[in-house]
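Going by the order they are written in, the chains are A, B and C; count residues from 1 in each one.
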């Protein structure tokens, strides 16, 4: 009996050297039955370990038949569908969650995140950047950046526009999967590998990087940097900022708890607990000295903002008379506008 | 004689259950002549009231002929053109401005706004969210979100990219109408239902929600939230924020008067009168206490910003020595850079 | 012997009146040999000066042959490729860098910038706005704004979506050229005429206008306004703002030196020297009075920010206890996160 971390059938794009630019896995899954593994051994000579198995159209049809016989109806359906593709086909097996060693493995893990099969920070992505090529994402699919100029000229000459939407190592999520119960007003701002909880709305000014996202219901009009996870029923105002783990200067992973409200154009350089509010336009950096105000409105203490990391029920504001950053206990529960969350 | 609020011919998209995803009305109009109503009664069995009348291609051709005979040349031309469409056809009649009860009615009202036939807040949109489905807006048109995954896989297998540009209840305006005399550097950021006055430029960082917009000439590099209307010759700096009526905490409708300047990364939680300036980077929330500075530079009073709602000729800034938010009378008229407004 | 400023072969789009909407020059160059000029005289009756020479497909083939014979292999290849195009063909010669007088000349200069053949502020663009038409940039190419409505309706009737991506005088850069060694997460936010140095990453929130850009390695998550140039190894944080020369109120050209860091949601209204830091969320306007803090943490002086224009090794922050904007000597060299710059 072989324990399996993840398995998926896919089709992808390679450059003229046969290197992978991207892989689309329509139905990735955690785990796989022994029968599935045995079929892979028999049809694709799977020899164990984490492996990306190339498959011909004919092999994919055989997989479909054998999956069907083995009672793996969903896999059979996907395999049958994919077998019609003229683009390269793969069956990717991850026995364990070790760091990826090929682009198709990275893509599988990014799919697991965006399909909500694993949460941010729970799958190993170490070294992924070096495995991904810089790709031109176009209306004619993924194109190797070194092959772009010729393709653009060729398209022009043939009277077509080759629309280059992005030049990046990561594609946009929505061209791979749109999980249930979300709205994404502008898909160019959510990378594959984002985790969007059910009930999340990403407005036009919202942004979500990979390995980051929202637990559940959320109204996101600000930027969720790589590694940042936002709790249930929190609201990120327009243009607000969360410092990413990639942005240097801070080894602490930023997160936002439940029922928080970060105001428009505000920002945080510390993790927030639950029911915290940051006033619109105020940026809290880890090194900011903030004044603790007690229930009587008196100054109780001065601390660095980083000392408040992860604490709940705080309200951050800048005193508009004396310019000091103050923190109060947030008595008013955040009342999320239900009309807003249901619709907007 | 039947008074008519609005009338339009259109073609749209339905999901596999026959529910409307969207409707495109190329030439919506306010009002309609009695002759038009009579023709609708005769050809489409229009029985009165606000109604969305389905039409076959043949019926649309008959409408074209009868409109032509009745001297309704523009309607005749539109009907003739539409009659070639294989997508569902409609004639939508709104006798009055009651709240919409179907998606095609909502779409007609959003068109009226974007065609500048009605101004924000002057047409009834109550309950519209519940009438609109969450749609995947793709390069192959509008797709029901529940039908997307299969369409994506099918496109891949056939060697095409199904590009998903947005997953939202609202489409972008520019795919329905681009009113005269505007520039929109990035159309993904202007929703159908926006009202853009002639002479408006929406730069890449600009954003305009539905039932919101600009009266006339304007340079918009910030965000115009739902319900916000901006007066003639005002300038919204890059990344600036206007609090929306949907964003909670504030029942007051935000607006911006004429010849205002909201600086880059600034924001307002109160309506502004005419010729007001908000310094770059300063967020004025309704509850901010601000210091009124008189002509001699002396502190005259302290008030909450909400008490200054709608007042003209104010300059808001944060004193860079003592951190206080101050408001002065704005003596320097805003000189909009004409080169900028003509071109940029 | 004729000195030549620039020469390029191209193909472009005209409206129904024969006016140029845009021109694509796949391989623009600085200078041109006397042989090339002589061939243009012979084949296209080039008579000298800055001129946009129309060419038929047949003439383009003749050019290809003669360029080949003259040892101009690259030009020959481009000409041969272009000769297959059914769109209008041009050969544009700029003898000198005088201000452009036609749209194809403007397009050539914008190409020179984006191909890194000239740096921002080193080519004459005076009067360019008036030479460019407002264009609808669509998935079916450039369309005159006055011809859009009819094209949209026609596409709908034929069952296609005419996707309007932008309504603007400038196209996005990436549909014309993607220079070597850059990533642009969202190409809609970089205009043709931007200059992106090798090693530049423009993240989703980044923006670069024409005649502006980066010298070399850079991580850009903020907005580079028209005319702003950013030095090697500088970092513009998410949503930060640089005041543009078009935005009025300031005749000084804003620039950013080497190894600077502008924090998220911050902004500058003055040029920065090298190794400067602006704290996240802080906007420095030219008129802000800032307090100079000496090595002992004592107040040394008060000056207007504009007096610090171009000075190096400064750290700008807002004191979080008393609200004053302070400037310190920036002792900690900016350590750009190499992992970030290599990949992100």
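Going forward, contacts are C-beta pairs under 8 Å (C-beta built on N, C-alpha and C of every residue); 3 or more make two chains touch, one makes a residue touch a chain.
Treat the numbers as computed from the prediction; the structure is a model and nothing was measured.
*Asks:* What angle, rounded to the nearest 5°, describes the rotation that places the Cα atoms of subunit A on subunit B?
*Replies:* The superposition gives an angle of 120 degrees.
*Asks:* Have a look at where subunit A meets subunit C and say same if over half of the interface residue numbers show up on both copies, different if under half do.
*Replies:* Shared-number fraction below one half, so different.
*Asks:* Can you give the whole-Å distance between the Cα centres of subunit A and subunit C?
*Replies:* Going by mean C-alpha positions, subunit A sits 30 Å from subunit C.
*Asks:* Show the residues in subunit B shared as contacts by 2 or more other chains, in ascending order.
*Replies:* Answer for subunit B, listing residues that touch two or more other chains: 139, 165, 188, 239, 265, 281-282, 318-319, 322-324.
*Asks:* Where on subunit B is subunit C touching in the complex?
*Replies:* 11, 24, 26, 78, 81-82, 84-87, 138-141, 165, 172, 174-178, 182-188, 204-205, 237-239, 263-265, 279-282, 318-324, 335-337, 339-340, 342-344
*Asks:* Note which residues of subunit B are touching subunit A in the complex, please.
*Replies:* Going through subunit B, the ones touching subunit A are 129-130, 134, 136, 139, 145, 148-149, 152-154, 156-159, 161-170, 188-189, 207, 223, 225-226, 239-241, 243, 246-248, 265-267, 269, 281-283, 285, 288-291, 302, 318-319, 322-325.
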